[in-house]
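Following this message is one structure expressed as C-alpha cells.
As written, the chains take the letters A, B, C, D and E, and residue 1 is the first residue of each chain.
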Amino acid sequence: MGLLELLIFIPLLAAALIGAGLPGKVIARSAAALNLLLVLAAISQFNGGNTLAHSYPILDNPAIAFAVKADGLSLTMALLTCLVLIAANCQIGEGKPAIYYVSSLLIAGGAMGAFLCTDIFFLYAFHELALIPTLLMIAIHGHGDATNRRAIAWKITVYLGVGSLILLAGLAALVVALKPASGLTFDLGALMQSAKDHPLPAATQAWIFTALLVGFGTLVSLFPFHSWAAPAYATAPTPVAMLHSGVLKKFGLYGLIRIALPLLPLGAKHECVQQALLWMLIGNIIVIGLVTIHQQKLDTLLGNSSVMHMGYIFLGIAAGTQVAINGAIILMFAHGISIALLFALCGRMRNQLGTLEFSKLGGLAANAPFLTVMFAFGTFASIGLPGLANFAGEIMVFLGAFDSNLNDGLKLIHWATILGLWGVVMSAVYMLRAFRNLFFGKAASGHFMSDPVITQRVSFVLLAGVLLVVGCCPGLITGLLKDLTIAAP
Amino acid sequence: MMSSFSIEIFLAVVGVLLIALDAFATELNRKVVPWAAIGATGLALILMLTRSADIPAWITPFYAMDSLAVFYKVFALVTTLIVLIIALEGDFITAYFSSSEGVKTRIGEFYALPLIVCSGMMWMASAKDLVALFVPLELVTVSFYVLVAFTRRSAMSLEAGVKYLILGALSTGVLVFGIAWVYGATGSLSFEGIAAAAVNPATNAVALMLGAALLLAGLGFKVGAAPFQIWIPDVYQGAPTPVTAFLSVGSKAAGFVVLTRAVQAFTVNGSHIGTQVANALLAAAALTILLGSLPAIFQTNVKRLMAYSSISHAGFMVLALACGATGTVAFYMGTYLPATLLGFLLLVVLRTQGVGDELKDLAGLSKRSPLLAFALAVAFASMAGLPLTAGFMGKLLVFMAAISKAHYGVVALAVIGAAAGFYYYFRPILTAYSPVEGESTKLQVSPVARVTIAVLIVGAVAVGVYPKLLQSVLK
Amino acid sequence: MITLNDYLMVAGILFAIGLAGVVVRRNIIVIYMCLEMMLSAANLTLVAFSRFHLVDGAPDYAAQSLVFFTITVAAAEVAVGLAIIVALFRAKQSVDVESVTKLQG
Amino acid sequence: MPSVLFYLFAAITLLFGVGVVVARNPVASALSLVCSFTGLAALFISLDAYFIGTLQILVYAGAVMVLFLFIIMLLDIKAVEGRPTNYATAVGGLLLAVLFTIQIAMVLGGFKEGRIALADQPLKMEATASKATLNTIKDELAEGTLPDAKLMGFTLFDKYPFQLQVVGLLLLAGTVGVVVLSKRDRKEEVS
Amino acid sequence: MTSYNAASVALLLPLMSAFFILVLGRVVGTTVCKMISVGSAALCFVASVATLGVVDDSGVLLNFLNVGKLHANIGFIIDQQSRGMLFIVTFVGLLVHVYSLGYMSEDKSQSRYFGSLSMFMFSMTGIVLADNFAMMFIFWELVGLSSYLLIGHWFEKPEACEASKKAFLTNRIGDFGFMIGILTLWAASNGELGFAQLRESLSGGSVSGPLHSAPEWVLTLAALGIFMGAVGKSAQAPLHVWLPDAMEGPTPVSALIHAATMVAAGVYMLVRVSFIIAASETAMQVIAAVGGFTALFAALMAVQQNDIKRILAYSTLSQLGYMVMAVGLKAGDAGMFHLYTHAFFKALLFLGAGAVIYACHHEQNIWKMGGLSKKTPITFLTFLIGTAALMGIPGLSGFFSKEEILGAAYHECGWLFTAAAFTALLTSFYMSRCVIVAFFGKARSDNADHAHEAPLIMTAPLMLLSIFAIASGYGFFSDRLQAMVPHAEHGEGHYLVMGVSIAAVVIGAGLAFFLYNGKDKDPLNIKLFANRFYVDEIYAVIVKVFQDRLAWIVSGLESIFADGLVARLPAAIACRVGKTARALQSGHLQGYTFALGAGVILAIYLVVQVLPKH
C-alpha cells in the first residue's frame, strides 16, 4: 500500500467512517491534515527520483489496473486538492449534518484518485464520485429557494452526466483506436507507446480529440457548455463550491493535458479543431467576462469569474508549447487556490450578512481588517497581480501562445491572446468593483461583519500564504514539471 | 461430482415434491416450504459450482455445456435464490392478496413454482436445438402466467396477468411460426444445421430472413427489446414484486442466452443474412434504449421506473449482441443482476412496513433507515452506470464493443439514454436523502434481508471495482 | 396441382386472420381463440415443410414432434389462460378488454 | 388426394376462421373454430400426417374447444355486446392482416423450393424400410402403408425423450396453476 | 560594499519592512512600524549613495521562471541611468517618509500607510534596477498596486476609493498595451526578454538576430505597445484621467508618486529601451506628438484649476509631456535630465502645498487662501523657489533642462517647438497665478487667517529640496549625482531658443500678475478648461455604454443562446420524446396487441426488404 494509494483512500475512508456515524469534525480535519503531510512526503520522494508507481490489475481483456504513479503534474494537482480540502473542512461550521463532511471528503477523494491514477478507467471513474454528493448538497443544503435550488442541482448533475458520457465515448474510441498488439488496454503508458509506434491518421485523431474536448470541456465549463457552472457554484454550500470550482473543475484540463495532447498530437494541431477551440475560449474570456461584469451578487460573480478564467488555461492548452502548458498548469493550481479562498470568504460573508448584493453592502473593511486583507489577496491573485501565483501562470500562457514568429501576420491564436489580455483588464474591472462595493466606501446600514476568531483564520492564511509563496517563486512548481511529456510542436 | 444435467433434474423434482408437500401436509408450519425451496436452490448452486464436466452421451445432440450455458445456469440459480428470499420477505403480502382467507392462506406453490422455472431456464441455457429450446421456454412462460396472476385478489395483478397472457401467447405464436419458417428454409432444427444452411448459397435467403425475423421477434418479446417492450411496464408494475424481480432478471437472462445462440447461428461469418440481422438488432437496440430511458423521466412510481430501467438495460445488451460481443452481453447481465434485485428487495422490505412504492413515499428514508437508504443509493447508482459500480463496467464494455464496430450513431443515442438515466435514477436517491419535517418512525429490517442486502451491495460495488470476479466465472 | 406454396399460403392467411382477430375482438375469450388459431397455422406450416423435406423417404418426423409439443403446450396454456380469465370474470364481472386498463402511463 | 378436396378443406378452414373473428356470439365463434380445426385436420391428413391430424381433432377440436364452450357457458356471457365494433381497432386489425399476408405472399413468390407439387414428392417406402430398426415399422412399410403413428412415436422417443418429460412437468405446472388461480373461497371480495 | 549587495539592499529592505508591517503590524504597534519603514527608507538612501561611485555591474537575485525558452529572472543592472534614478527615488522617498511622520501624525491607520509606502519603495526600486521586460512588467504592476493602496488610504471616503480604482484600471489598460509590446518582441526575437539580448538581436550582429529581420510593422507594434505602457504609467494624453483624481490620496503620497517617481517610471523605461523605439520611425513621431499634445493640453487645463494640488497635478502632466516629447525627438537624455530636475522642484512644490494645506486646516482651494506669505514665511519662500525652477527662470535647474528640450524640439520639428514654447508660457502663467492668489493679498477665509507655520519636521525637507531645486541644474552637482546631462554642443539657434524661453517666462508671469493681483474671484472663466475638456464625462459614457450596457445585452443573449441552445433545448426535446413514448403505454390491451403485431411486421419488413443485402 504505497503513499499514493494512501492519499486516495484516506479521504474515502474518512467519508465512510463519518457516514457510519462517527463525529465528522474531528475525522474530517485530521484526514485532511494527514493527506497534506502525505502529499508533501510524496513530492519529496518524487524529487528524490522515486515515482512511487504501483499497479493492481483488476481485469484482463480489456486490461484495466488500479495503477498509480507520481508525476509533476499529478502531484501539483494533488497538493491543490489537499490544500482546498483543509480549507473547505474548516469552513464547515458547528452543528452541520454529517453529509457536509462526507460530500467534501468524497469530492476530494475522487479528485485525488483522478489525479494520481495513470489508468484511463480509474482516472475517469474517480472523478464521477462527486456526482451524487454535489447533487445532494446543492439540492438539500444549497442557498436560495427550494425549487430554484433543485432545478440548479438537476442542471449541474445531468449536464456533467452528459459531459462525462461524451467523454466516456471519446475515451472508449481512443482506447479502441490505439489498441496495442497485446490487446485492449487502458494503461496510459502502453497507449502512449502504441501512439508513438503507429500514430493514428490525422482525421481520426481530429474527431477523437473533438469528442474528448467536448467531454472535458463540459466538465471544465468551456464556453458553449458552461451554463451549468455559475448558478451551481452560487447556490452550492461553501465547501462544495470551493472543492468543485477549485479542484474538480481542473480534472477536465488535467485530462486534456494528460491524455488528449500526448496521445493525439495531430488532433490538437488540426486546423479546424484549433480554430474551434480558440473561438470557444475567446467566448469564455470575452462573453463570460461581460456576463461577470453584469453580475450584481458576489457569489454569481465568483461563479462566472471562475468560468471565465478557464479561458486562459484553454489558451495555454491550445498553444501546446512547453511554456504554455507549464503556464496552464500553474494557472490551474493558482486559480484553484484563489477561487477557493474567495468562495470561503463569500460563504462566510453570506452566513454573517445574509445577503451578498453589492447594492445592499458596503464599508465592511472598517471592522473586519483581516477579512479585507484576505479578500484583497484573493482579488489581486485572480486579476493576475505579480507576486501572487496566478500571474506566473498567466504570463507563461501568454508568452507560450505568442510563440510563433509573426512574419506572416497575426493569426487567430495571436488575436486570442490579445483578447485574453483584454480579459485580464475586464477581470480587474469586476473584481475591483466588487472589492470596492463590499469593503470600502460608506458602511451600509445594518450589515455588520466581524473578523473570525484566531483558529478560524488558519485556513485563510494557509491559502493566501500558498498564493504568495508560489507567486514569488513559481520555480517550485515548474521544477516538478521538468520532465512532463508533452507533444512538443 | 454431480453433472449439471442431474442438478437440473434434482431441482425440478424438489419443486414437484414441495408442491405435493404443500398440497397434502395441511397442518405444516408455513415457513417450511419457503426455507426448503431456498435450501434446495442453495444446494443446487453449490453443486453447480462444483459440478463434474461429463454429461450423459445421449443428451449431447440437444444439450450444450459451453461456458455461455454454465454462466447462465449459475446466473439462473443465483437469481432464483435471491427471488425466493425476496418472496419470503414479502410473504404475508402475497398471502394476503392471494385469497380471501388473508394472511393465513397457504401459498406453498409460490415457492415451489420458481424452482421449476429455474430448472426450465437452465435447460433453455443449454438448448442446442429449436425443439429443446421451445419446450423449456414454454415451461417458463406458462409458469410465469401463473406467478404473475398469483395474487388474484389484487386487481392490478390480475390485469397484469391477463395482459401478459394475451401478449405472451401472441409472441409464442409468432415464435413457432418463425421456427417453422427457419426449419422450412434450412431443413434442420439444430443451431449448427441452421448456421451451416445460412452459409451455403443454396438456401433461400429470403425465407431464412423471414424465419429469422419472426424468431427474433418472438425472442425479442421475452427479452423486452424495442418493438416488443410494450408489455413490460404494465406487467412489471402489476405483478407481485418477487415475480417482477424474477421476470426482470431471470426471464430476461434466459431470453438473452437463447437470443445469443440464435444470433450466433444467423450471423456466423460468411452467412448471407448476417448484416441484415445485425443491422435490425442495432435498430432495435437504439429504439429500446430510447423507449426505455426517455419515458422513465416522468415516472412517479418506483416499481414502474425500474420496469423502464430494465427495458433500457435490455437495449444496451441488444446493442452488445448486435456488435457480436456475446461475452459482453453475459458480463452486462452479471452487472445488471445485483442492482435490480437489490432494488426490488428494497421495495418489498418497504412494502411490508407500509411504505408504498410511489416516489414521494421514499421521502426521508435516510432518517428512517440509513441502511435501506444507502442500499437504494448503491442500487440506483449502479443502474445509472456511475463509475466504481458494476453498472458502469457493463456500460463501458458495451460502449467499447459498439465503437469497435464503428456504430457511432447508436453510441450517440446510448449516450442520450444514459444521460436521461442520470436524472431518473438519481431522483429516488435525492428523495430518500432529502429531509422531511416531523417525526418519522424507524424501519425494521429482518436479519435475512439485512444479509441479502449486504451481499447485493458488495456484489454491485465489487464487480465495479474488481470485475475479474465476474470475468473468471465467464471464462 | 397442389404445391407446398399453396399450403404455406393457407397457413399464412390463417395466421393473418388470427392476428386480425386478436386485435379486432374485445372479448378476451375470443381473442384467446384467435391465438389458438395462429398456433395451429404455425403447426400447418411445420407439417407442410416436414412433408416436403423427406428424410430417407419419409416425412421429417423431428418437425412433426415439434408440432406434437406445440399442441400439448397450447393445451396447457389454454387451461391456465382460462383459469386467469375466470378469475378476472369473478373480479370484474366482465371479460371485456376495457376492464383491464388501470395500469398505464 | 385430388386437388379439389384440398381447395375444399382450405376454404373450410379459412372461412370458418374468418367466422370466428366476425361472429357476434362467442358460442358461434367457438363452434366455427371447431369447424375450422376439422378442416385443418383434413389438410394434415392430405399431407400424410395422420397422427397429427387425429391429434388435432382429439386435442384441439375435442378437448380445448369443449373447455372453451364450458367456460363460456359457465360465465354465461351475454350473446351480443350491443356496442358497434370500435372502427379504429377493426381497421387496424384488418390492416395488420393484409400487410402480413402481402409479406408472406412476396416471400412465397420468391420461394422456388416451394413450387414442387405434392404429387411428385412420393414417399419412398423402401428407403425408410432399409433405415428403420423396429421390425413392426419394417413390415408395415413392406405392405406399402406409412406407419405414421409408429414412426412419430419412434422419433419422439429416439430424438426428444427428455423434452417429453419436460412437457409432462409443464402440464403439471399448468394444472397446479389452474388450481391455485381458481380455488373458490368462502367469501369473494376483491380489494 | 560591492554594487551587488547594495542593489539587493535597496531592493529587498523595503519589501521586508512592508511584509513585517503586513504580518506583525497590529502586534508591534504603530510607532515601531513607522520607525522600521523610515529606517528602511534611510538605509536604502545610503545604499543608493554607495552605488554612485561603483563601476557598472549587473546580476541575478532570483531565477523567477526558467522553462524551455523562457528565462525570466529578478536581477539588477547598475549603470549611469539606474544610479541616477535610484538616487532620486531613495532621496525623495526618504524625505517623503520623514515629511509623512508629521503630516500623518493624527491619522488612525498609520502602520498601513507606512507599509504601503515601503511597498511602493520596493516596487519603484524594482523598476529602476530591472534588466529585462519580465521583471520590468512585474514591478510595473506592483507600482500600480502600491499607488492603489496609497491613493485609497482613506477608504471611508467614496471619492478616494473611486480614485484608487480608476488609477489601477487605467494603469491596467496601459499594461494591456505594454504586454502586447512585450509579446511582440518575445515572438519576433524568438524568446528574448533581456534588454541586452534584445539590443544584440536588433543590431543583427550575432547570428541569432531574428529581430533585425523582423518586418517593419512588427517593430512599430512593439514600440507602440511599450509606449502604451508608458502612457498608462506616466498619465499621457488618453490615459491621463487618473492623475488629477489621485490627489484624493494624502499629499506626501502625491508628492512621492505623482510628482517625482512613479509617473517618471514611464519616461525612465522609454529611455531604457530607446534602442527598440528608435528602430521604428513612425513610433518616434507618434511619441513626440503625444508628448507635445499632452504638455499643451495639461497646461491649458491647469490654467483654470482652483485646487492647489490639482494645479500641481496638471503641471506634472505637462512636464511629463515635455519629457515624452524629448524621447520622441531622439533626445532621451534631455528628457532624463528634465526628469531629474523636475523630480526635485515638483516634490518641493507638492510638499509645500502639503504644508499650506496643513497650515490652513486641510483647505485646498487657493481662492480660500491668500496672504500666507506673512503667516507661513518658510513655506512661502521654498514654494517660491520651486515655482521659479518650474517656470524655468534662468539660473535655476528648470531652465537648463527645459531649454535642452526646447532646443531638441527646435532642431527636429517646427510646430512642436511652438507648442512647447506656448506651453512654457502657460506654465509660468498658471504657476504665478497660483503663487499670487495663494500667498499675496489678504486672507480670504478664517482658516487662512489663523494659518500657522508647519512644524520643523515638515519644513526641513522643504529647505533641503529647495537647495537641490536650485543646484541640480549645474554640471558640478549633477555629474556627481550621475544625472544624464546631455553634453551635445549647442547648434545654431541656441540663443534664439534661450531668448524665446525667457520671453515666455516673462510674458506669462506679467500676464498673471496683471490679471490676478488683489482679485477675490477668478476673472477668467473658461468652462472648457475648468471642466477638463469634459474628458472624464466622455470616458464615463464610454464605460457605461460599451461595458455595462453591452454586459447587460451579452448576459441576456448568453442565457438565451448558450444556456438555451446547448442545455435547455436538447433537454426539452428529450422530454417531448419521453412524453410521446409514455403515451404509447395507453393501458388498452388492443393497443398493445396492435403495437406487437405492427412490431412483427416492422421486423419482417426491416430484415427481409429494407436493410442492405449481404
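Before moving on, here are some points about what is shown:
One rule holds for everything that comes next: a contact is a pair of C-beta atoms (placed from the backbone, for glycine too) under 8 Å apart; a residue touches a chain by one contact, two chains touch by 3 or more.
Predicted model only: the values in this text are computed from it and were never measured.
Listing every chain that touches chain A and chain C alike gives B, E. The minimum number of touch steps separating chain B from chain E is 1. Here the chain at the heart of the shown protein, by mean C-alpha position, is A. Note: the chain lying farthest from chain E is D, by mean C-alpha position.
Summarising the inter-chain contacts, the pair of chains with the most C-beta pairs in contact is C-D.
With centres set at the average Cα position, the gap from chain C to chain D is 7 Å. In terms of their C-alpha centroids, the spacing between chain A and chain E amounts to 35 Å. Averaging Cα coordinates per chain places chain A and chain D 71 Å apart.
The distance from the centre of chain D to the centre of chain E, each centre being the mean of the chain's C-alpha atoms, comes to 102 Å. Shared interface positions of chain B, i.e. residues touching 2 or more other chains, are given as 131, 135, 138, 142, 145-146, 149, 152-153, 155, 162-163, 166, 170, 174, 206, 210, 233-234, 298.
Among all residues of chain C, those that touch two or more other chains are 8, 15, 18-19, 22-23, 26, 28, 31-32, 43, 48, 50, 62, 65, 69, 73, 76-77, 80, 84-85, 87, 91, 100-105. Touching two or more other chains at once are residues 86, 89, 92-93, 96, 100, 103-104, 107, 111, 113, 159-160, 163, 167, 170, 173-174, 177, 181, 188, 190 of chain D. Going by the touch rule set out above, the chain pairs that meet are A-B, A-E, B-C, B-D, B-E, C-D, C-E, D-E.
Against chain C, the residues of chain E that register as touching in their complex are 582, 585-590, 593-594, 597.
Note for the complex: chain B touches chain A at residues 374, 377, 381, 386-388, 392, 395-397, 399-400, 403-404, 411-412, 415, 418-419, 421-423, 426, 429-430, 433-435, 465-468, 471.
In the complex of the two chains, the chain D residues touching chain E come out as 86, 89, 92-93, 96, 99-100, 103, 106-107. By the touch criterion given at the top, residues 3, 6, 10, 13-14, 17-18, 20-21, 23, 26, 29-30, 33, 36-37, 40, 43-44, 46-49, 51-52, 55-56, 59-60, 63-64, 67-68, 71-72, 74-75, 77, 81, 85-86, 89-90, 92-94, 96-98, 100-101, 104-105, 108, 111, 113-119, 121, 123-128, 130-131, 146, 151-152, 154-156, 159-160, 163, 167, 170-171, 173-175, 177-178, 181-182, 188, 190 of chain D touch chain C in their complex. Across the complex, chain B is touched by residues 19, 57-62, 64, 99, 121, 124-126, 128-129, 131-132, 135-136, 139-140, 150, 153-154, 157-158, 161-162, 165-166, 168-169, 172-173, 175-176, 184 of chain A.
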